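Each of the next two complexes has chain A plus one more chain, namely chain B in the first and chain C in the second.
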Partner chain A sequence: MTRGLEAEYVQILRDYLDSQEEDELYGAQKLGKFLLRRDISPEEMVDLHGRALEKLGDVPEFVRASFRILTEVMIEYGNAQRSLNSWRSKHAQLQSEVAVASAMQQALLPQNMPTYPSVEIGAISIAAHEISGDYYDFMYVDEHQFSLTIGDITGKGIPAAMCMSMLKYAVDSLGEIRLGPDQMLRHLNRVVERNIDASMFVTMLFGCYDTQSHVFRYAVAGHEPGFLYRAQEGRFYDLAGSGVALGIDGNSQYKEQEVHLQIGDLLILLTDGVTECKLGRSYMTREELISNLQHEVHLPSQNMVDQIYRRLLMLTQFEQRDDYTMIVLKRI
Partner chain B sequence: MIVAASNSETIPIEKETDIVTARQVGRNMSRQLGFGTIMQSRIATSISELARNIYLYAGTGTITIETVENDEKTGLKITALDEGPGIADLRKALEDGFTTSGALGAGLPGVRRMMDDFQMESTLGKGTRVVVIKWRE
Partner chain C sequence: MELTIQTINHETEHCVVLGGEIDAYTGPKVKETLMSLIEPGMTLAVDLEAVEYMDSTGIGVFVAVMKASKKAGCPFYVQNMSSRVERLFRITGFYEFIAIRKGEDK
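And then the complex of A and B:
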């Protein structure tokens, strides 16, 4: 520690003892910031104070001795302060790894929507933190058909991201074999069950949409049921289907479901980040969600999902707790 | 490179009061070497941590404190030696936040930061040796 600093500290101390003004205390606060920037440790500060006292007058022996106790205690605080830089660099390294993982994950999500003349698709997926546990994808099957996947991986962060990349790979390769939705989930379940941690599982809906017959065939594995909106009646129905989430039991079987869309009808698929929005202390009920959906059904699909997200975010006072994904598919 | 060592003192660590003795010897020797009060305390604290680890994890061992010199400077060297269980993962033991006390920056990483040189060897089932040096500015 420099002489200049010591002289300055003695000066501040002396001025304060003379005046006992807030001024000097403010000066001390500024000095504290300066000392921290210079990495002066707590024990050095205690020592500085002890030496400054000696400059100001006769220090009784018991006061002098008491500083030795204070110094010993302060060394532990000093250790904490000294470790800060190593924590900082560790943190920075983790953050940059997470940023890279987050960018890679974005690249796994579909870059553009399937385009067929008779359907209009909108999708939104927003992570609660940098890394999402939600997954969705579309796959071209043939001129008239495409398949879609929406899933939710338990847990967040890096483990979820790793699981997602595995899922994406599995869905892509199994997609080549053109399995029916129930078989698709049965195979995915095996992959997930074998390859992820026992504490994790994945809920999923996998379906195939035929743009000529407008039949959506799908199967569900423990996933949040979506909605079917019947334009004629102006009513929402829960999509049927249940089934055990992927990764729990290697022998799970899944059942194929089917719905037929009329012109103007909507399929609304989502993850539990949508249904488990918290309004103040309680969760939004399904009825409340439906009434929010109702407000936006007239919009083009992409506007609809964007608008609903904004609406729910506002209702939760901009606090998004969970990863949020919604896909809207409209027969036009 | 150390060219000379002198004034060596070895304190057996068997009971908790031996930790106090080791601290005391370290503090006295560092004062004689001309370390300032803060450095004396940091050296005593480091010795304390090493001795406590011997006491807690190995049961018994020794702390040796000696004056060392290289071409340019003089310093204090502390060697903690035990024939205890050893440490399986040294990298982990030196990681911040791994201490059982949970205190930030405490334990071995704290010692490493307070001292200038830090060496540690350990063999499972055979024992542990930690050597640290603080050079006088």
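And then the complex of A and C:
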């Protein structure tokens, strides 16, 4: 501790003892903050106070001796402060690692939507925390077809991000050999089952859209059912399909489904962050979700997904509890 | 709403009564409790009646416990799930794999 500091402390003490004014106490508060910033420990402060007293006059022996007790006690406080500081720096380091993982994960999500003249696609994916367990991607197949994947990885944080990069790699590589949706999921299931922790699994819908015939062929692995909106009827239907989530059983089989879109029809694909919205004390029902979707079906696909997100966020009083992803594909 | 865990030990069965919310934050505690009760020759039953919320992390816990109990030769059941939890079990396809005990029969 510097001499200057000691002299300043003596001055503060002397001024206060002379005047007993509140203002002097304010000076002491400021000094306290300064000492904290300089990492001066409580025991050093007690020592400083003892030395300052000696400068002010004759200190009785029992007071001098009592400082040894106080110093011993304060050492414990000092230890607690030092360990807090070390946790703080570890926390900052972890936070920066999470930020790097979060940025890497963003890079795995598609940067551009596929553009074909007869379909319009909108997508939104918002993580509840830094790292998302939701995954979606589009893949160019040929000039008339593209495939799409939407998935939800259980758990959050770094394990979800690592699993996502594995999934993307697997989907990209298997995409090269043009598997049907059922076969795609069968292969992905093996990859997931072999490579991730027993308590993790992945729900997924994988499909392929033909922009000439407007047929969407897809298969589902334990994923939240999406919707098919029939514009002519103004009605929503559940996008049929069932199958076991990826990673639960290595031998699961999947079934290919098919829907045909008319002009104005919509495919709405989502993750459970959309359906598990909590409105006050209860959860949103599928009927309530449909009525919210109904309000926005007239919008262009990207505006529609953005608007529905805002609408649901407002209904949940801005508390987004789970990762949220929605893709809307409209035949135009 | 926090998680509550109550374990009742019968002669041949451990019954774990769960309540509240099972999600990414409470899931590890549930997993730790259930894993510690997997014993060959004993049955492990989980009562879900008081569970108000479960997300896919919760299902993940049960997947892991089911796999571990199968390996250890310890029958594992769940009972009294709410319709909301049952929906989640059905959508993920996990319903086909897990043994479900209906009603209170023991």
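Here is the rule we use: the second predicted complex is superposed on the first by the 254 of 332 C-alpha atoms of A that agree within 3 Å, B and C clash if a C-alpha of one lies under 4 Å from a C-alpha of the other, contacts with A are read in each partner's own complex, and residues count from 1 in each chain.
We adopt the following convention: a contact is a pair of C-beta atoms (placed from the backbone, for glycine too) under 8 Å apart; a residue touches a chain by one contact, two chains touch by 3 or more.
Every value quoted in this text rests on a predicted model; they were computed, and no experiment measured them.
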First (chain B), second (chain C), both or neither touched by A:Glu276: second
Dominant contact partner of chain A by residue count, chain C or chain B: C
Contacts of A:Arg82 with chain B and chain C, given as first, second, both or neither: first
Partner chain(s) touched by A:Ser102 [first = chain B, second = chain C, both, neither]: neither
Partner chain(s) touched by A:Gly155 [first = chain B, second = chain C, both, neither]: second
Chain B versus chain C as contact partner of A:Ala198, first or second or both or neither: second
Contacts of A:Ile248 with chain B and chain C, given as first, second, both or neither: second
Which of chain B and chain C A:Gln320 touches, first, second, both or neither: neither
Chain A - residues contacting chain B, complex: 43-44, 47, 68, 71-72, 75-76, 79-84, 86-87, 90
Complex interface listing, chain A residues touching chain C: 152, 154-157, 197-201, 203, 221-225, 242-245, 247-249, 252, 272, 276, 283, 322
Partner chain A, residues of chain B touching it in the complex: 36-38, 41-42, 44-45, 96-97, 103-106, 109-110, 113-114
Interface residues, chain C side, partner chain A - complex: 24, 27, 31, 55-57, 59-61, 63-64, 67-68, 84, 91-94, 96-97
